[in-house]
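Shared between the two complexes below is chain A, which pairs with chain B and chain C, respectively.
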Partner chain A sequence: MARLNVKPTRMELSNLKDRLAISTRGHKLLKDKQDELMRQFIDLIRENNKLRDEVEKELTEAMRAFVVAKSLLNESFIEELFAIPDKSVSLNIEEKNIMSVMVPEMNFSVNEDEKESEMQYGLLNSNSELDDSIDRISNILPKLLKLSEIEKTCQLMADEIEKTRRRVNALEYLKIPQLKETIHYIQMKLEENERASITRIMKVKDMGT
Partner chain B sequence: MAHKIAVVGDKDSVLPFKILGFDVFAASTPQKARETIDSLADKDYGVIYLTEAMAKEIPDTIKRYDAEVQPAIILIPNHKGSLNIGKDRIQDNVEKAVGQNIL
Partner chain C sequence: MQDTQYKGVNTLLRVYETRLLTSEDYEKMIRAEDLKEALEVLKSTEYHINDSEILEDKNFDAFLMHRLKDIYEELYSVTPDSELIQIYTLRYSYHNLKVLLKQRFKDLELEHLLIPIGKYPLTTLRNLVNTEQSEELNPIMVEAVQEAIADYEIYGRIEAADVFMDTYYYKHMRAITNRLDNDTITRMADVMIDLDNLSTVVRSINQGKSRSFLHTVLSSSGSISKHAIIEAADQGAVNVMQQLFLDKPYAKQLEAVLADSKDSINSMVLDKVIDEIIHELMEEGKYQPFGPMPVMAFMFAIEKEVTNIRLILVGKDNQIEEEIIRERMRPIYGS
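Moving on, here comes the complex of A and B:
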């Protein structure tokens, strides 16, 4: 390990000792942060994986059903049916702080104008396949929204974990050994100087007698 | 703060989301999709759902928004089935964070 390029003086020694103390404390804190992030991340990513599997499966089925329904109807009718949606979803994003990672916390509220009349389109230009596919998609909605939140959180946490790991490693394997070696070098050098001056004084004394 | 939800993708796949009250943007070409996403990100859209078929063409655009808190770009399969891009992204995250694939 290369030692730092500093002059071996008492001043530097005390400076380096301070830096070593700070680096060690920083390393311990970052290590704790990394461990906690990792613990939470692993729980989240498992859930994310499971949820995505489910959503993808159900969504694909629902979309297939929709395509079948659509093929039975004239395209302009379909567009007319969907022209005015009877629901609106509003989304509130608040930033939540997990171990200094800002993650979005999404709150969804679905406003349905009239809950009792579920199908807001005419019976004439639609068919039961369409009802079915829309039902399915509506059922997926909560899961889909939950997936969005978890997936974004995982994404952000993964970035932060990578960053933290780099910092921890840089401190552990580069900065701290470097400082330790330099401190050792300066201490040795100072002791050597001391011995040299003692010998010199003894020599000078001998000359006097 | 209130945000909106958008769906971007080919017309057949995104139309059913309109009934849920999402804002639907049909994009026929990758170029169009890219422009749509960029303009949506500027407005206050919190979540953008993007079909995987389209996501395959514009990976750099998606990557640009990965580090931002919003918008969250979430991939959805289309009616032809999943292309596994969404799953791959999860695996990538795991590998990036943990160092190896533990799932």
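Moving on, here comes the complex of A and C:
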């Protein structure tokens, strides 16, 4: 392990000792942070997997139903039905702090456009299978939005875990050993100097007698 | 209009109908392994398609609409009474009006949704929507657009476009069939409107819509009064059918739409049964040497052909099981 390129002085030694103390404390804190992040991350991932499976399963079925419904209608007819959406979703993102990771907390509000009538789309150029598939897709929407929030959180946490892991490793395998070695080196050097000066004094004293 | 005026076009139709897809063509397409194979079958028919292009963009409607457009244009040029063709093309005209109205209401760009099929060119329809007036178009259509725009300006409801166009579509169709005064065509319009109303009731009840919703969406142009349908609908869709449809000549065929439990109506089957009932009416009239029935039968056939082709191609493209495709297939001309 390469030691740091510093002058072996008492001043440096005291500095390095301080740095070592901070690094060790930092390492411990970061390690704790990493553990906690991992714990929360694993919980989230589990939830994410569950939700994703659910959403994917339902979405596949809904899309399939939609394809079958669509196959009996002209595509322009369908596009016309939904050219102007009767709902709009507004998204309000707040930040939530999980172990210093800023994760989004998404609040979706569905505005049904202060609609008075129950008409979603014209019934002439649509069919009952389309009703059914649209219904299914609308039912999945809240879950899909929730999933997007969890997935984004997972990504951000994964990034943070990666970063923390790198820091912990850097401290544990590089910084702390380096500091320790340099401290050891300076101590040795200082002791050596001390011994040298004692020897020199003794020699000088001998010369006087 | 004298029935004999149709003799020329009816002879011509005997030629056209040989170009329609046969049951064997459909069978081959349904059995095809994948989309490519199904398109291969289609290539040998009247549909001159570029299969590599279609395989890439999967735009089936483009060539299907092109074919429909050609056929309707040809029919317009040879049929003595253009309103007869309108019975089928009105659906596209009213669709175009909806698109144009929505464009006007929300200032959107929806040009790609316009379908250039119908008696009147798109520019005429566009003029109507912009100026709310037209000398050329049928007054029913003009009134429809005026009403929709007036409603939107007062209440600001986008769905005015859908509601008014759907209602006036049936009204317009009824006006044409009344003028034509042909027994079979009148029966066909009755079947179409009455059963579409039944289908609307079933769908509305399934979606838990209110009575006032039914008032808005049901057509009063059918042979069964709208009021009677709404009254009967309070006790469910099956009640509507049993009270109002059992004396109809097609009551027997309607039985198929009851679900196994007999307490609900399978609306998917209903949609198909409507086509089958009309198909039977058409079969009766298609070999008449005079009169407008063969033209009607041919238009019905080509519309269903396009539906069937779209169904098979979309099905093949999405690996939908053969069985699901088969149970949705519409009647085939001549079979």
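Operating definition for what follows: the second predicted complex is superposed on the first by the 202 of 209 C-alpha atoms of A that agree within 3 Å, B and C clash if a C-alpha of one lies under 4 Å from a C-alpha of the other, contacts with A are read in each partner's own complex, and residues count from 1 in each chain.
To be clear about the criterion, a residue touches a chain if its C-beta (ideal position, glycine included) is under 8 Å from a C-beta of that chain, and two chains touch if they have at least 3 such contacts.
Source: prediction; values computed, not measured.
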item	value
Contacts of A:Glu105 with chain B and chain C, given as first, second, both or neither	neither
Touching partner for A:Glu54 - first (chain B), second (chain C), both, neither	neither
Partner chain in contact with A:Val67 - chain B first, chain C second, else both or neither	both
Touching partner for A:Glu194 - first (chain B), second (chain C), both, neither	neither
Comparing the two partners chain B and chain C, which touches a greater set of residues in chain A	B
Touched partner set for A:Ala158, first chain B, second chain C, both or neither	first
Which of chain B and chain C A:Asp131 touches, first, second, both or neither	second
Which of chain B and chain C A:Ser76 touches, first, second, both or neither	second
First (chain B), second (chain C), both or neither touched by A:Glu36	neither
Contacts of A:Asp18 with chain B and chain C, given as first, second, both or neither	neither
Residues of chain A contacting chain B in one complex and chain C in the other	64, 67, 70, 79, 86
In the complex, chain C residues that touch chain A	60-61, 65, 91, 94-95, 98-99, 102, 105-106, 108, 110, 112-115, 155, 157-159, 162-163, 165-166, 169, 196, 199-200, 202-203, 206-207, 209-210, 213, 216-217, 267-268, 270-271, 307, 310-311, 313-315, 318, 320, 324, 328
In the complex with chain B, residue positions of chain A that touch it	38, 41-42, 45-46, 48-49, 52-53, 55-56, 59-60, 62-64, 66-67, 70, 78-79, 82, 85-95, 102-104, 106, 110-111, 133-134, 137-138, 141, 144-145, 147-149, 151-152, 154-159, 161-162
Chain A to chain C touching residues, read off their complex	64, 67-68, 70-72, 74-77, 79-81, 83-84, 86, 115-125, 127-129, 131, 135
Chain B residues touching chain A - in the complex, by the definition given at the top	1-5, 12-13, 15-22, 46-47, 49, 66-67, 69-70, 72, 74, 76-79, 81-82, 86-87, 89-90, 93-94, 96-98, 102-103
